[in-house]
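Shown below is the structure under consideration.
Chain nomenclature is as follows: A, B and C, assigned in order of appearance, with residue numbering initiated at 1 for each chain independently.
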């Protein structure tokens, strides 16, 4: 369910590297947020130098022009521990697979609910899936009485 | 009060078609979320192929390069039923007016409060309007005692 | 902690003016939201005319093509009064420093929590800082007993 927007400086990334970034983000989502493998929805925004600002050392993190702003809109409810592990893994994977400095991995998460999403066809799929599960659980508990 | 960001693949949409998309979104907002006709604030982001990722079949929805990522920041509090009807109407209108496959209509809503908006002039207009209404209701109820 | 996205019409702003916009936003954040001076994270999105829609007079505010859509993702919890003062100061600073009409300053705030951010290195820095403060306060209150 996550939808990801990544902002980057145009001259610092080519298509192949963006691809590795996308795959690294996806891997970290799968590992820590239980995101299905094919729940893959990401866009990248290229910026010119005059459109891209960052502090080079806020909180004693040394950032460079390779900085990635990764904004992830997702279902609320992930725990603090899950989020911490997600950040650590994401920085690790981006460093290993896309040659990005860990200092240049900036992330912000924005929470939403199941009813806030449609994945196509004008249907709120997550609502149907979760209600189906609740019904299934209810039926099962009734069955077991 | 909604503010809309739409991400699309550059080579798939021209200005005329974007225009129809914008109008279709507006119509669905008016119909289901009681948005005033002139509360019209939308931006579109063109992406190159290497900047635009999506699953071609997650949740059994067959998506194509015509996919639209429609992110809507709005006042929280719309009901689940309103949201479901909004998604259905939006897909219908985009199909009919802009020739978009319903499978290619991806939406995510992000909730906010009245105090989170200024529509210009440095004033939180929605706060003033809603406080005015509350005062009016209070006065009316006092009047009727 | 704020992360800012500003959408603007490409032909209306050059790099120097964007720079003044960025600095004005930062100044207003520092003044009203207690944002540290070097907590500076902003990106700007240029749009073509067919990608940029707005109402020219919703709520009796006369907008022009100089309009700025300023979306600020930040820690929730700022008061209504703080937000109102922020909007007023921001419009004032943008008018004075970047020659922007106050009518053309559109802002929407999106709230998040401390655990929703990493500023690099795969660490949720705000969590560590605030937990450190809580520990410090706890120790202090124990000390003073």
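Please note the rule applied: contacts are C-beta pairs under 8 Å (C-beta built on N, C-alpha and C of every residue); 3 or more make two chains touch, one makes a residue touch a chain.
All values reported here derive from a predicted model rather than from experimental measurement.
S.K.: How many degrees of rotation carry the C-alpha atoms of subunit A onto those of subunit B, rounded to the nearest 5?
M.R.: Copies differ by a rotation of 120 degrees.
S.K.: I want to confirm something about subunit B and subunit C. Since they are copies of the same sequence, is their interface symmetric in residue numbering (over half shared, so same) or not (under half, so different)?
M.R.: Both copies, subunit B as well as subunit C, present different residues to each other, with under half of the numbers appearing on both sides.
S.K.: Take the average of all CA coordinates in subunit B, do the same for subunit C, and state the distance between these two points in whole angstrom.
M.R.: Once rounded, the distance between the two centres reads 22 Å.
S.K.: At least two other chains touched by the same residue of subunit A: list those residues.
M.R.: Each of 45, 110 in subunit A touches at least two other chains.
S.K.: Mind pulling up the subunit A residues that touch subunit B in the complex?
M.R.: Residue list for subunit A touching subunit B: 3, 5, 14-15, 18-19, 22, 36, 38-46, 73, 110, 112, 115-125, 127, 129.
S.K.: Going by the contact rule set out above, which residues of subunit B touch subunit A in the complex?
M.R.: Against subunit A, the touching part of subunit B is residues 7, 45, 47-55, 57-59, 61, 63, 69, 71, 80, 83-84, 87-92, 102-111.
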